[in-house]
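Below, chain A partners chain B and then partners chain C, in two separate complexes.
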Partner chain A sequence: MVVRSYNDELKYLEKINNYCWRIKIGFQPNMKVEGCFYVNAALEKLMLEELRNACRPGMTGGFLPGVKQIANVAALPGIVGRSIGLPDVHSGYGFAIGNMAAFDVNDPQSIVSPGGVGFDINCGVRLLRTNLWEKDVLPVKEQLAQSLFDHIPVGVGSKGIIPMNARDLDEALEMGMDWSLREGYVWAEDKEHCEEYGRMLNADPATVSMRAKKRGLPQLGTLGAGNHYAEIQVVDEIYDKWAACKMGIEEKGQVCVMIHSGSRGFGHQVATDALVQMEKAMKRYNIETNDRQLACSHINSEEGQNYLKSMAAAANFAWVNRSSMTFLSRQAFAKQFNMSPDDLDMHVIYDVSHNIAKIEEHLVDGKPKTLLVHRKGSTRAFPPGHPLIPVDYQLTGQPVLIGGTMGTCSYVLTGTESGMEQTFGSTCHGAGRALSRAKSRRNLNYTDVLRKLDDMGISIRVASPKLVMEEAPESYKNVTDVVNTCHAAGISNKCIKLRPIAVIKG
Partner chain B sequence: MFKRKLSALQYPNFDAVNATDEKQFRKVIAWLEENKIKKYKSNNRPISDINSSNWKKSFEQYKKDVSCPVKSNLTIEELDWFVNFALDIEYLKNKSKYDQHSLAVLKSTSIPNVVADNPLDCLDFASKDFKTGIECIAQMLKISPHPNPLVTLKACSKLICSRFNQNAIKNPNDYIIKGTAFPFEDAIKGYELGDVVLQKAAKCLRLLYIQNLRELQTQCNESIVSVQNMTANPKTDTKLGKVGK
Partner chain C sequence: MMNLLNENLTLAPCKYEYLDHTADVQLHAWGNSLKEAFEQCGIAMFGYMTNLSTVEVQAVHTIEASGHDLESLLFHFLDELLFLFSCDPFLICNKLVISEFNTEGEEFRIECKCYGEEFTLGKHPQGTEVKAITYSAMQIIIEPEQNNYEVFVIIDI
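So, the complex of A and B:
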């Protein structure tokens, strides 16, 4: 790694406009393309502060700062366009979380990297609407939160209540949401409103290790821990009336349910197994990267293909998982209100993945190209008229679900044409960490965090209250800053703002 | 590729012709000239001497004489042109005989003259009565008429089939389209075509396409549901559940 003073480092960064910075070639060795990141004034400070801290003498260990990670990704073989940091970017394993990068599938040198997807493969957000209003729910808020908590097991080591054996799991890995449909856990319309229609066709359970399957089996239908949650939310603001109308959101005060979860231990094991394979592959194929954490292999190599197949299986696992929780949430609501989920109009508005790598067609310098797009902590945001988005959203653009943090707002955005040009149809995914987990534990007290939520009128059920400070709003960047930056930069449009009234968490 | 054409010309051994073989090529050209094309007098045909070392030169001259436009060294194209040329001469020689079998003549004689029982078949679509009649129906159905009354008729028929069928008359509420009107002129972005009318038309086409797609998706959903009726059996077992730490 090059050692420079902070002021020398700044020479490689250039502010293009109020919302976008360029990272020039040379900032890190071997950069094939430029990097860039989207920030507003408030997020810019956090970003540069992180870099300044890393430049202080004696600062070694831990993750590299986000800007450096974006630049390292720009040095990977086969990258096209730019290595892009979204407004919620923060350091992660290899790739920063909130980094997207696209690789030309037809270039034999191009790579696929598990670090570019993350450990929680196909972590994502699903939003259900209801025809209930805030006034219907407020009197029974506590009961409803308890009912959700009883239906959806949460926390580290939790086990699901949907009976499954090893054969069921193999089928689910191959079929994704089609499995949930076949078994009757979800509705046909749910599949329609899900990225990839809830199934990656190249999934191959045979490429997945026994260990991953063993970890995954009991965990289907569980929320997990960390920043995952299920929330009962209320529409707080509508920015785009027509787009909201297409999503079945009529007025402020309408009640929705948001589920944020991923592929649990299964995805983690798939990623871990792949990293071991990739490290060997790198030696064999002589692939050089700036950072050991960027272990990768050529897309068309055996290791690369195996990873893509097992990643797809993990993605399918996550969709079955979110589908199972959709089923359980509908049950919880149906019991509470003594009405069928149908009568409660509990349709899926959309389901997005924000940790995934997918093959997509994009225009690069005016020419169509097939790219492997890595989105880690970044959500796909396709524009109106794109063939891969559901028919109901053809006029509005793809809904993008941005989960806030515990006790803060969440947003629904829509994809734009400008985003397609600037960021390969990608936008932010959430708030993005500002403090590390350890730092949050040191600086905050969990009773204060819980009291604060109570003051805001939010019911909360947590499996391990002593860890809530890791997820406290203070540990994260301000989600409103993140969303506003995306809106101002034109990479997605604000549509709906939601505020939580009840949270269940790991 | 010349089999059928050469057989029509009654070329001996038409089955075995290989155009890429120089000798055979010369043989076919000479035969065509001698028997069909007959450009030269029979006593003065340098092209007939197929073993001559000057044959190529004579052939070039021959091509000029019959104004063959094909460039040299495209043997297959050349041969094809000469075969077609010979066929043309053959056809013109017996035009009246061949024309008896032409489609136009066949049609007029072989189709029996059917007298339609259905009065609709006797309609004269070009008549003024028909036109005003259709316009009247369109007005009643609130359909804006198209200059071609047949197009207007098709639109009327579509509307009647979908909204005035038995089910629709019995349960009109299932068929009346509900929902809020969508301001498509303002809300659909990205059609800057420079021409207001064209832009509006493009947006209408887009909406029609989306409607088609919606119908397809609904059919897909319906088939999924009918399969679900056989396979679905969602189970839960709360005893399995365990809340973590």
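So, the complex of A and C:
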């Protein structure tokens, strides 16, 4: 890492407009392209503060600030356009979280990096609508929260209740949501409203280690812990009535269910295995990176291809996982209201992935190119008319689901043409941490956090009390700041705001 | 599984702590030997998943790990322990005894006896789920003169 004083570092950063900063070449060694990050005034302070802390004399061995990580990604072979930090960016493993970067598939030097996807492969958000209103749910809110908590296995050490053996798992890995559909856990329409229709075709279970499969098998159909959650939410604001209408959201007060989860131990192990493989590959292919954590391999190398195939299998696992929890949520609602999920109109509005790498067509300097787009803590946001988004959303643009944290709002955005040009059709993914977990535990008090949630009318069921502080709203960047920055920068449009009334967490 | 009758089941003193990191947690463990620091680091990871005082020793499993340097040895050691917890036998440990600790030659190797029991909801409070071990800011400090051995590992949670 280049060591400079904070003021010298600032010379490499330039504010282009109120919402975007440029990271100039030279900020880190070997940068092939520039970097940039999207922030508003409030988020800008957090971003620069992180850099300033890292520049303090005597700071050694700690972690790299997000802005340095964005620049290190800009130094990876084969990168095109810019290395982009979204408004919720913060320091991560290798890539920053909230970082996207695209690599030219036809350039033999181009790389694929598991660090550019993250450990929780295809972590994502799914939103279900209902035809219930807040007034229907409020009287039974506690029972409903408890019922969801009882239906969905949550937290560390919980096991899935969907019957599954090793052969089923292999089929699920290959088929994704087609498996869930065949087994009767989801509706055919659900697939339509899911990125990739819930199935990545290049998935190959044979490239996945036994270890990953063993870790995955007991965990299928579990929510997980940490920032994952299932929430009952209420439409709080509609910014774009027409687009909301297309999603089946009519009025304020309508009840929705949001599920935020990923590929569980399966994906974590696939990522761990790939990182070990790629460390070796980097030596063999002489790939130079600024940071050991940016383990990568050429896209067309054996290691690169194996990773893409096993990552696709993990993505399919995550879709089956979210589908299983969709099934369980529908059951919980159906029992509570004594109506079928169909009569409750519990359709999937959309399902997004915010930790994934995909091959996509984009215009680079006016020419079409095939790119491998890494999105880590970043959501795809394709504009109206894009061939890869479902018929129902052809005119509105792809729905983008932004999960808040416990007690804060969540948003539905839509993709824009300007986002396609600026960020390869990518936008933010959530709030992004501001405080460390240990700091949250020190500074916040368990009962205070619970009382505050109660004051806001939010029921909570959480498996681990520690999480209550760690995941408290104060520990995160303000999701409204994040979403407003994306809207103002034009990389996505605000459509709907949702407010939680019940939270189920690990 | 081995017979537990003739085993020494005294728990080791706590020589670890949890340090700050924005999204994750850093384990810091120490001891009078590198072996002890490794054992402590493993216990530190289990301590993040539940309250270890609720764990009774009812089973023992042996794991093996290898690496090409100390860092990769520590990485694979912790990865094996995480694997032991994540699927059958779902073992949560409160005691680790490294019986072989070879840090010379081509391949470094660890063999470790892991004491604990199957993680059971209701009996063991749910702490935080560990997703993966990382090399991020990993440090292994060896100071034989001061009889000081320390390890720092960030785990992804």
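Quick note on the criterion: the second predicted complex is superposed on the first by the 505 of 506 C-alpha atoms of A that agree within 3 Å, B and C clash if a C-alpha of one lies under 4 Å from a C-alpha of the other, contacts with A are read in each partner's own complex, and residues count from 1 in each chain.
Basically, a residue touches a chain if its C-beta (ideal position, glycine included) is under 8 Å from a C-beta of that chain, and two chains touch if they have at least 3 such contacts.
What you see is a predicted model, and the numbers here were worked out from it, not measured in a lab.
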First, second, both or neither for A:185, with chain B first and chain C second: first
Partner chain in contact with A:161 - chain B first, chain C second, else both or neither: first
First, second, both or neither for A:394, with chain B first and chain C second: first
First (chain B), second (chain C), both or neither touched by A:141: neither
Touching partner for A:327 - first (chain B), second (chain C), both, neither: first
Which superposed partner A:417 touches (first chain B, second chain C, both, neither): first
Touched partner set for A:22, first chain B, second chain C, both or neither: neither
Contacts of A:436 with chain B and chain C, given as first, second, both or neither: second
Touched partner set for A:362, first chain B, second chain C, both or neither: neither
Touching both chain B and chain C, residues of chain A: 155-158, 218, 225, 463-464, 506
Chain C - residues contacting chain A, complex: 18-25, 49-50, 79, 83, 85-88, 90, 92, 119, 121, 124-137, 139, 152, 154, 156-157
Touching residues on chain A, where the partner in the complex is chain C: 61-63, 90-93, 97, 119-120, 155-158, 211, 214-215, 217-219, 224-226, 265, 268-269, 271-272, 275, 292-293, 433, 435-439, 463-467, 470, 506
Residues of chain A defined as touching chain B within the complex: 153-163, 181-185, 188-189, 191-192, 218, 222, 225, 242, 245, 327-328, 331, 383-385, 390-392, 394-395, 417, 463-464, 506
List of chain B residues in touch with chain A within their complex: 180, 182-184, 187-190, 206, 210, 213-214, 217, 220-222, 224-225, 227-228, 231-238, 240-245
